[in-house]
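Same chain, two partners: subunit A is paired with subunit B first, then with subunit C.
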Partner chain A sequence: MPDLVPALPEIFLAVMSMALLMAGVFQKEENAGRSVSYLAIATLVVTIAIVGVVADGRASTFGGAFVTDGFAVYVKVLILIATAAAVLMSREYLERHGIFRFEFPVLMVLAALGMLMMVSANDLISLYLGIELQSLSLYVIASFQRDTTRSAEAGLKYFVLGALSSGLLLYGISLVYGFSGSTNFDALAQLFQAGQSPLGVTVGIVFIIAGLAFKVSAVPFHMWTPDVYEGAPTPVTAFFAVAPKIAAMALFVRVMVGAFGDLGDQWQQVIIFISIASMVLGAFAAINQTNIKRLMAYSSIGHMGYALIGLAVAGGAGNAEARADGVSGILIYLAIYMFMNIGAFACILQMRRNGRMVEGIGDLAGLSKSNPAMAVVLATFMFSMAGIPPLAGFFGKLYIFLAAIEAELFALAIIGVLASVVGAFYYLRIVKVMYFDAPEEGFDGPVSMEMKAVLVVTGVVTLFFFVWPLPILAGAGLATAALLPG
Partner chain B sequence: MIIQSLAFYLFSIVAVASAVMVISARNPVHSVLFLILAFFNSAGLFVLLGAEFLAMILVVVYVGAVAVLFMFVVMMLDINFTALREGFLQYLPLGGLIGLVLLLELAVILGGWIIAPGAAERAAAPTPAIDSVNNTEALGQLIYTNYIYFFQAAGMVLLVAMIGAIVLTHRSRPGVRKQKISEQVAREDSIEMRDMPSGGGI
Partner chain C sequence: MYLAAVFLPLLGGIVAGLLSFVPDGGDKDRKHRIDRAGQLVTVAGMLLAAVAALITFIGVAGGGNTDNVEIFTWIASGSLELSWELRADTLAAVMVLMVTVVSSMIHIYSIGYMSHDGSIPRFQSYLSLFSFFMLMLVTSNNLVQLFFGWEGVGLMSYLLIGFWYDRPSANAAAIKAFVVNRVGDFGFALGIFATFMLFDTINFDTIFGLAEQKKDATLNVFSGEFHALTVICLLLFVGAMGKSAQIGLHTWLPDAMEGPTPVSALIHAATMVTAGVFMVARLSPLFEYSDVALTVVTVVGGTTAIFAATIGCVQNDIKRVIAYSTCSQLGYMFFALGVSAYSAGIFHLITHAFFKALLFLGSGSVIHAMSDEQDMRKMGGLYKLIPVTYVMMWVGSLALAGIWPFAGFFSKDIVLEAAWGAHTVVGQYAFWVGILAAFLTAFYSWRLLLMTFHGEPRADEVTMAHVHESPKVMLIPLAVLAIGAVFAGWLGFDWFVGEKTVEFWGNSIFVLESHRALENAHHSPLWVKFLPLVVGILGIALAYLMYMFAPGLPHALASGFQRTHRFLLNKWYFDELYDRIFVKPCFKLGRGFWKAGDGQLIDGVGPDGVAATVLSLARRAGALQSGFLYHYAFAMLLGVAALVSWFLVTGG
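Moving on, here comes the complex of A and B:
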């Protein structure tokens, strides 16, 4: 009998997802969606508590296929918060569009389960199964608004490209397994301790990177992102932009540093390339966008590029301190990214005129007159994403760039700073449109209670991160220590 | 030994020949039937290798489910397969050449690659001794013990697939007369209670 305690959060989530399914089936159709969605939020909150209670150093179970440590705990808490916020934010939109069926929150919970499994994966097979569980749920909720062509197209596109990336990933995994004889991360790490590996393993690692780069939508595997973000229902886009990105990034770090950490000189250059490409494309391609969801898609590509700098640093051989700073830089970045994005999407979800959603950047014109409070909040998020001090986004970038300089990856740091200057243009353009353009008709009010709550919490974290950054910094430090002992 | 090799050549030849027929048969229904034949012969090859379980799974899953599904697709959808295959011979030389180049490249690369020392032993380590249990038993022991996590996770993936299929395709139509078995059984007018005098009929 394997030790089930380390996997308790996942088991709870799995059981609850089935219970929620039952709860939805045996209720009247009109209120099933709403009640199941509140139950789902409660489930996610309880899971956060369980994650916290179970956390006790490093524990692995199921024959080493599943591991929980400080790193997993930190990322799991982020994922669960992001998922709970996404469920909370989706209620109003779904009700308004008459598609609030109870399967939606259930699929979100199942996606969260997949993400937790990804974060805790300590074996290439559990990695793959976690990714598939998460992706399959995401494909379905991308096309949840099945009567509109755009949503159906987004789901189909995501599915086909996702299947392709799974194929790449599996091919890489099979190569690694075939040439090394093991899929377990600990066994692989031990095998490659000397920094030597058969050629087949290197090719396998490159394929694994390609598969995972697709999941974090890093250039050149980013093509699906703008289309899927634009087509999917807005609350789903809000979810896509946050939780799966955090999970995939954490998994990326765990595989690369945990299993192939000593082969850094073989994969570091690949990460450097996709990081630079993502930052540059994220900065330049977003300039011409007129649709705010597409803009956020390019923005997320850029942000993943910055986060990947941390991974490139972690791949550097030698300087252990710089490697640790790279990993903790990623973790801090992801936490800040989560708060900024949830807040920004909460604002985007308010862009409703005469009962219809509008998505153009031009539709924000004159928001400072019609809804000054929302204009201030959205401007805060935009300044933060652009990385203007003293907002949270600045510190996220700061830690990443500091780590890059410490590891003497000056080119990465310089390109990163330049790309964020270019990126600042389109973030600030939104602020300019809101404050200086001729006002348009205001958006439909009023802002619902839960949206206000989300906006206040994310706004406060983004604005006052510099006052009390300790929780996030300390959490990231503990998580890094768990991943990189010594 | 001779019977084994004869069986091997028989299965292989039929499998390859039917695989060729799958792509060259003019009638798509024949293609599917040849596909089933190819599956059966591959199952035979697995039995020769001592992998009975895989052989059974191949027949049950591929012949039983996938081939039937293909048959449905071929018969239900109105696809003009001859039009799809037009120019098949025209592209054959180029396609063959590309295939040949890929094959040579693979041969060169695989010949030059080194496998990490001890890879085969490490890969074989979790399996129970193969001479004491048959392979169905060995698989069962692994899946339900060491690999229970993967087994359950795969189950969750299938659950999501099921929910997804229903969410994306099910539409509840109003005015459908659904069968309610409990109501039918409990219907009053179909049952008559009578007091029977003892010893007499109705």
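Moving on, here comes the complex of A and C:
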């Protein structure tokens, strides 16, 4: 009997998802969605508590396939917060569109379970299991609004391309296993300590990178992102933009640094390439977008590009301090990214006119007149994403760029800064549209309580991060120490 | 006392300035009360300052109380140390007395002159602030405080010339004055830097103490060795030329007559324009060691004196005539300084302040009476209608022309005798052009008097019917200034330049033993002493001949010597010349930078070019997103293939 305590949060979540399913089945249909939704949120909150309680140094179980450490705890908390927020934000939308079925929160919980598995994976097999559990849930909720073609198309595209990426990933895993004889991260790290690897492993790593790059929607594996973001129901997009990105990025870091850390010379170049490609494409392609969800898709591609700078830094052999800064830079970036994006999507979810959702950037025109409070909040998020000090987004970029400079990856830092200048254009354009364009008709009111709560919390964090950054900085520091001991 | 003399005007200026912001709510009585308060506080401040200045003057010049008043340390940075400090010596005290007395008279006069204006507190505030800056200038004990006052008066001059800011011509004149003065100030600032470089301090006492040691020092400028003190003095003199409207940098002064007449009297006749003269006198310990600089000062002064006088003879605007006269008289002061007769220069400065302020205020009274008409061709026959003003103008003109026993006689004579007494070529030059200018001075003064007050009235009947003597509040200051114009000369002569001159000036003016112009002046031949008076009377006679007895003569002369006349009327074409040389090319250059440099190059390549590139890149990036699943899958596989190839080539 393996030690179950390290996996307690996952076990709890798994059991609860079954229980939620039962709770949904045995309720009247009209209020099943709502009650299960609240139960799901409660479950996620309790899970956060359990994650905190069982956190006690590094512990592995299931024959070393599952590990929990400071890194996992930090990322899991972020994922659970993001998932809970996504469930909270989806209620109103789903109710209005008549698709508030209890399966939706259950699927979200299952996706969260998959993500937690990913974060705790310490073996290529458990990694794959986690990814698949997460992905299958996501495919379904992408097409949750199944009577609209756009949503169905989004789900289908996501599924087909996701399957392809899974195939690439599995192929890479099999190559690595075939040439090294192990799938365990610790064993692999031991094996490649000298920095040498057989050719097959090298090719395998490239395939694994391709598979994971798909999950974080890094160029050139990003193509699904704009279409799926646009087609999926908005709360789903909000969820996609945050929790899976965090989980995939954390997994990315754990695989590359944990298992193949000493092979950094080999994969660092690839990460640098996809990082630059993502930043540049995220900056340029967003400029012509008129749909705000597509714009957010490119924005998230760009953001992942910035986060990947940290991974590139972490791949640099030798300078241990810079590597640590790279990893903690990613973790800080992800936390700030989460708050900014949840807030921005909470605003986008308010874009409802005459009972219908609108998604055009032009629909925001004159928001400062019709709904000044929301304009201020959205402007805050946009400024933050553009990286204007003293907002949180600025610090996220700052730590990343500092790490890159410390690691002497100057080209990367310079391209990053330039891309963020170009990127600032489309964020600021939204502000311009809201404040200087001739007013459109106002959006439907009123803003529900839960949305207000989400907006206030994310807005405060974004605006006042610089006042008390310690919780996030200290958490990221602990998580980094767990991943990179010594 | 000294502090009170300097800072009461500041206090009055600030209070009046604040009053100008008090809303009157459209209530006439309320506005009237605010105006009254503004006038009261500034006039009271100036009068008290004048009293304090008188007490200070008696203390300093009479009792030898030469303790400087240090207010507080201003800058202490490395070896650069300076304080806000009031220097107590005769030169400063004389200037303080003159400034406060003239300024308080003009403050009082302004009550009457500006009575119909809409922003009285603002005007009074400017006047008081100007007086404060002027006092800071003359009392400074280091070059930086001097520069502070210098720029302060420049600023107030700008604001006062453009006081009627709804007139485009006033704004243009204000800008012109400011810009031309910047040229001079550039030289002044360079001079301060050079002084600091040479002496490692800018405090007067230290500089003056070290001047003799440094008399042979050289400065390396543009890889050439130059006599350091000459460089410094010439640079500082450029500043003086700007402020005191000497030839070349004089063009702003006539245009500055766009300001209200009290401003012309205070700033552009009595005080600010003499700052350059004061500065050279103040720095006499430096100028004394540079013969080149003194020569330049003499030549520039003499040339300005004759040049401005010739123009003054043909101008038709009553204020412009006096403005050119001021320019010319400043030239006298400068060549007095240039022959090392600093005390004579300052003496002329003081007497000139009285009679020139008197003339300006008198002309203001005329303009006031004529319903703001300034063209003398439209005046005439006024003497019966405004007799007091007429008398005052006579007094001022007699003083200006240097007729005994009026003030100008004493000061102008000593200046000219000193030029003679210098026994140098440039001294001779200055003397003879001075004599000629004296002739012209008398001529244009009486031309002004005769054209304005005598002959047939040339104004329309409405204006003539409206002509009235000015109120007492304007006439009393005229009377006070007239007393100065009559008596300042023979009262001051002994002290300033006569027997008691050494004990009077103390150590505030320094003259080398070898420079004996002032000594020689007292022993010059009789014809030298009488020549200025004679040419003055001749000038008056000529004016009578041309404008009283043979009124056809001026016109005949003008058409007979058309080119000369046009040359003078157009002020030696200085403005046109500058326009051609500096202004037009500047505009062209600016337009070039704007259109070609900024518009095409920077905007084109920079913002616009980058924007266009970004847009086209964005369009291409967007085009990648075809929406077809197989495209996406193909891109992914292509990506993997590329990455693997790259890996194998580089990493593996």
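Note that in this section the second predicted complex is superposed on the first by the 486 of 486 C-alpha atoms of A that agree within 3 Å, B and C clash if a C-alpha of one lies under 4 Å from a C-alpha of the other, contacts with A are read in each partner's own complex, and residues count from 1 in each chain.
The rule is short, and it goes like this: a residue touches a chain if its C-beta (ideal position, glycine included) is under 8 Å from a C-beta of that chain, and two chains touch if they have at least 3 such contacts.
Just so it is clear, the structure is predicted and the values come from calculations on it, not from any experiment.
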Taking the superposition on A as described, I'd like to know which of subunit B and subunit C A:Tyr435 touches: first, second, both or neither.
neither
Review point. Counting only touches as set out at the top, which of subunit B and subunit C does A:Ile209 meet: first, second, both, neither?
Key: second
Open item on the list: Going by the contact rule set out at the top, does A:Asp227 touch subunit B (first), subunit C (second), both, or neither?
Closed with: second
Practice item. Could you tell me if A:Leu164 is touching subunit B, subunit C, both of them or neither one (first, second, both, neither)? Key: second
So, does A:Ser143 touch the first partner subunit B, the second partner subunit C, both, or neither? first
Examine A:Leu199 and indicate which partner it touches, taking first as subunit B and second as subunit C; both and neither are also allowed. both
- For A:Tyr38, select first, second, both or neither according to whether it touches subunit B, subunit C, the two together, or no partner. neither
Inset, instruction - Could you look at A:Ser180 and tell me whether it touches subunit B, subunit C, both or neither (first, second, both, neither)? - result: first
Both subunit B and subunit C touch subunit A at residues 199
In the complex, the residues of subunit B that touch subunit A are 112-116, 118-123, 126, 146-150, 152-154, 156-157, 159-161, 163-164, 166-168, 172
Within their complex, subunit A touches subunit B through residues 2, 7, 14, 18, 21, 29, 62-63, 65-66, 101, 103, 106-107, 110, 113-114, 117, 125-126, 129-130, 132-133, 136-137, 139-140, 143-144, 146, 155, 177-182, 187, 191, 197-201
Counting only contacts in the complex, subunit C reaches subunit A at residues 614-615, 617-619, 621-622, 624-625, 627, 629, 631-633, 635-640, 642-644, 646-648, 650-652
Residue set of subunit A touching subunit C in the complex reads 156-157, 160-161, 164-165, 168, 199, 202-203, 205-207, 209-210, 214, 220-221, 223-224, 226-227, 265-267, 269-270, 273, 281, 284-289, 422, 425
